[in-house]
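Chain nomenclature is as follows: A, B, C and D, assigned in order of appearance, with residue numbering initiated at 1 for each chain independently.
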Amino acid sequence: MVALCIANSNMAFLLERLQQYGDVHGPVRGDDGVVRFAALTPGVLPDLSAVRTLLSPKKYLLHPLETILTYTELSGYQVPLEEPRHLILFGLHPCDLAGISYLDRIFLGDDPDPLYATRRSALTLIGVTCSPDEFCSCQISPSPLEAASDMFLSSVDDGFAVTSTSSRGAELLAGVKELLVERDGDLPEDTRFFFGRATSIQERPDPDPALPEWQEYAEHCLGCGACSLCCPTCSCFDVLEFGALDGGSAERVRRWDNCLFKSHAQVAGGMSFRKNRAERFRYRYHHKYRGFGPLQGIPACVGCGRCRVACPTGLDLRPLAEQLEGGGS
Amino acid sequence: MRKLRLAIAGLTACSGCQLSLLNCEDELPALMAQFEFHFFPLACSPAVLEGEYDAAIVEGCLSMPHEKELLHELRKRSRYLIALGTCAAWGGVTALRNGEDRELMRQQVYGQSPVAVETFDPLPLGSLVLVDAAVTGCPPEKEELLKLLAGLTQGALPVENDYPVCTECRMRENLCLLTERDMLCLGPLTLGGCHARCPTLSASCEGCRGPVPEANVKEYLALCAKTGRDEEAVLGRLHRFWPGWVL
Amino acid sequence: MNNSLPLPATVLAIRSLSVDTSLITLRTESNHPVSAAFLPGQFLELSLPGFGEVPISYCGLPSSDGAVELCIRHVGHVTTPLKDAHPGDVLAVRGPFGRGFPLSTYFGQALLLIAGGLGLAPLRSLLLALLKQRDSFGRIIVLYGARETGALLFADELLEMKKRGGIELQLAVDHHDQCLDGPPGCRVALLPALLDQLAVDPERTFASICGPPVVYPYLVSGLRQLGLGNVQIHLSLERRMKCGIGRCGHCAVGNRLCCIDGPVFSAEELAGIEGGFV
Amino acid sequence: MSNLRKLDMLTRVEGHGSVELIRDGERVVDARLNLFESPRLFEALLVGRRFDEIPDIACRICSICSTVHKVAALQGVEQALGISISRQTGLLRELAVQGGQIESHALHIFCLALPDYLGVSGFQELAASVPEKLQMGLRIKKLGNQIQAIVGGRAIHPFNLLVGGLARVPDTGQLRFLSEELAAASTDVAASIAYIFNLNEILPTLALVPSCAVSGGPSLFGDCLVTSVGTSIPVKQSARWLNERIEGHTHAKVSHFDETTPFMVGPLARLLLSMPAEHVHRFTDRSIKSALKARVVELQLAVRRAQELIEYLVTDGLKNEPLSAVGHVQGEGAALVEAPRGVLLHSYRFNDRGICRAANIVTPTAINQGAIAVSLKALIATMDGAGYAQVKRSAEMLVRCYDPCISCAVH
């Protein structure tokens, strides 16, 4: 088979060329050693060897804190119009691609979320091969979620083989063609292999609340929120409204939330449907490995390993999941 | 439209919370359009309480008898009483040695000379009167103070946060000082809302906003112990803004 | 359809029902689904500008003129200031959301409506719908309990329905002393105790319940003793909700989302689920 | 409410105090400043804390002066523990302190003092009567805060300043921004000088007590105290020399020269001790009523000095530096810095585990109490026959000339 390849030495040119199609963001290692998705401006190259970024690319689609509605007495509630800026996310690992397809299922569809949909339609996804480390679990329990991208870079000696996987991808590929060389040889299998495979999980009884693990998690959890903030599929949000100083207008914001926080299931009068942290861990477990509502049966965990890396006390639901879910289907 | 009448008072404190208001240089005109700063001794004369107030915004903790009187008076006259800042909400830095011998402390400062000052261990406002809302921080964030005031113009009090500083720190994608730099960052135990001001500049959170609900002190201490920190020292550090920490 | 944007709704009338509860009638766009096409048990999201948005059950019947009745308990950040709403004030609504009571399944059946406190709000909507086609249903028994006499909502309305022979009614309050001047027939009893002396045809009866979550386990076991199966018992659940459309992640019950799979669930669906009846 | 009315608060100053008039029959014979601020016992609070906690706690003494308290505490701790800081750290700290100076002076001039001159109650009435002047003042004030926020991380209680250095060094872009703002502000500052010097006098000319300031002039830093009577006292001896005493009617200790002679610190004292040539002609009357003028002149000095500091920093090139190492854990040390209101001394002693065993903080308003008493006496003497209310008003305005900061004074 013939593959179109980009040499590592040509990467900067490729990025420069891509910039003609929109802002290009990718994993960048900061001075502090933290890898974050950030702008790949001329001179800033992506760190394609990094296993994971601190926050997942969901930050581009669902901002940590954003205004979802504005209110004025004259025009009532309005969705804030956002100029859709073309954004190319470069160097996404298959787990992050799967994470985006999970978010798509929640926020697109018949009744798409206006802000999400606007941003999503302006987004181009360029995936890249990765090599999982001991925190990754995509290889342990494959996900039914598709690792869908527009373009994909598969690692080959001193470069990447570039394939387009959508019409948008084909357009970009055509635009960067001169930078690519044809090479013979089969593409190596990559971690996309673990995604879009299992169709659905079988019905299982609810995890037993008496398992000692819940209490252990609860005792060690600092409630810092890191696990869900960096998770590519955690998308709980809180909604708040603030009146403005003019005494009449207001804005409504949504903010990333975490199911381990006290208020997550609290209702008026202080009553809570998940008073203790152990219950909340079961809730988290449910979401990550069983799925809710329309996504029932679709585990949300894409195996990126972020929560395990981020948790200051090293909490990890994975071993329990392997025990209860039987290592995937 | 009637302007809302405010009483802005300082008890035992550094005036930082009141100054935070005066530091809203850009917003002062808009604030003056909505509010009458009727009682505000720091910035306006004369200091006379008169009639009723839509809100009393009170800085500082209680540490002298006459402050209790003033607070009762403010409570009586005001629809809402708001604790502004960590001293008012939690006791703050002045409560650092609560529970120790006050006379001994007095002597450390004034020696044996008989200076007649009647003070007691600093207390937060809520220990004496009903507090309708609190904006914490030492000093409070301008943004939160302005949100409070904007809310008041529409009759709303702020909704409480329940997440720690870490949450906003991670949202900003900062390097974690606690786990990656072995610094004594109090982010996990401290109420969020400051957008992780300090860790964002690589300075440890010193806990200036008071405790977050459900703070897991035990686990935090265990984490510190793992890196060889002395529990006494960590607890000492925790007490900087709130004397009430318990295991 | 855009379910994310609240549409203006003008307060037509506000009437106090008890110390902490009011009936607010709003006028929205006429023939809009938010007022014209909902099922009893469904809810809408009501916005008070500057304060926020809360899920509120429909309390009346769909109408083509845009009128919506909501029964609101003033308990917190958004609902308390609604106490001071005045005719002419502009609020905002979006909906209808969720799955309501399965009216079509109820055809030809006897209905046992059990409400505790504010839980009467969605059941009033159901009751009005049943009475509109009174002949299509068997017995309609309403069991309604509240903390005290003053907290019984719509008592006059219920007594009137009873007088007209449309429904069988039992009222109860928790506290003895306040019951003295209660409406005729009001007993001092806890809600589940009202089931004790009840005789129903267990084959042909459905129960529809809405009330404080604490009584649910008792009501369900009481109904089971009457011979009702789990599929014949429908409960409306309350959960924290921030969007109403299955996104904010707060309201899951087991694997289901209260806002789209509920708020009305059958006891069958909730059986064995942690937190289902709590 | 009885006690409250008795409190009779002095307004438009930081903290809690009152001016009490002493009467003999109908005649007012004396006046004194009472500080009834709660003593928070900071010097005791600090005992038992580790050296690196000292500045974080000490800066909470006062918000208006928090940056300078922080810096004085840092330098005191560093003196005690043999920590030497880099030139960059020194420049940045001074920049922050100049920012504090700008903020504090602008606040005093345009919000706290100006109402006295225009006969209004406060900033709300200023907004109605002289809106552009208030706006101008607020612009300058905001710039002072921006400087403190960029260097210190926050306008009040700057957390970015640490023992041995900074948590994060601001970047060139931020400093350039400040530099541009400072350049733009010089017009406002010049206009402020013109405006303030043209205000009608509200107080009589009253003789001054001797002046005292830290040796460094407009840099606000220095290693000894200098006085208008020719003394020069190194920092090590200044605590003893400042000689704090406890006097009954105030919660703050009082300082006197040679046991008995009161002296004055603050903007006017600083200028009188190192007057820039261009301003000499403006301060010929040597009276406390010129304090406001001194402040507005200092505003200009601070703006210029801040620009200079930024120039040095940018020319040197900003770099992230590790915090300087601790020389020795045990030791004793003190530092002097000019706070907006005058000489500020922080001095500490640490044991062999770096734990604070003794703290001594001397603040400008505490020092100024003696001078204020002298001024009040002199004022009363010139107002013989005036009514109570009139004397009271003048006495309060006089006290405001010293811009007392009562939280600092009492701490």
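We take it that a contact is a pair of C-beta atoms (placed from the backbone, for glycine too) under 8 Å apart; a residue touches a chain by one contact, two chains touch by 3 or more.
Keep in mind the model is a prediction, meaning the values are calculated, not measured.
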B-C against A-C, pair bridged by the larger set of C-beta contacts
A-C
Just give me the whole-number Å value for how far the CA centre of chain B lies from that of chain C.
42
Inter-chain centre distance, chain A versus chain C - centres from mean C-alpha coordinates, in Å
38
So the centre of each chain is just the mean of its C-alpha atoms; given that, what is the distance between chain A and chain B in Å?
37
Note: chain D sits from chain B at a C-alpha centroid distance in Å of 24
Identify all positions of chain D at which a residue touches two or more other chains, and write them in rising order.
none
Check: chain A positions touching at least 2 other chains come out as 240, 242-243, 248, 250, 263
Residues of chain B touching at least two other chains
151, 154, 156, 159, 202
Pairs of chains, among all present, that meet the touch criterion
A-B, A-C, B-C, B-D
In the complex, chain A touches chain B at residues 30, 32-34, 36, 54-55, 64-65, 219-226, 229-230, 240, 242-248, 250, 256, 258, 261-263, 277, 310, 312-313
Can you list the residues on chain B that touch chain A in the complex?
1, 27, 30-31, 34, 146-147, 149-151, 153-154, 156, 159, 162-164, 166-167, 170-171, 173-176, 178-180, 187-189, 202, 212-216, 218-220, 223
Flag every residue of chain C that touches chain A in the complex, lowest number first.
1-8, 47, 49-53, 75-76, 79, 90, 92, 213, 238-240, 242-243, 245-250, 252, 254-257, 260-261, 272-275, 278
Within the complex, chain C is touched by chain A residues 68-69, 71, 73, 76-79, 106-107, 110-111, 113-114, 205-206, 209, 234-243, 248, 250, 252, 254, 257, 259, 263-269, 273-274, 279, 282-283, 286-287, 290-294, 296-297
Under the stated contact criterion, what part of chain C meets chain B in this complex?
49-52, 77, 81
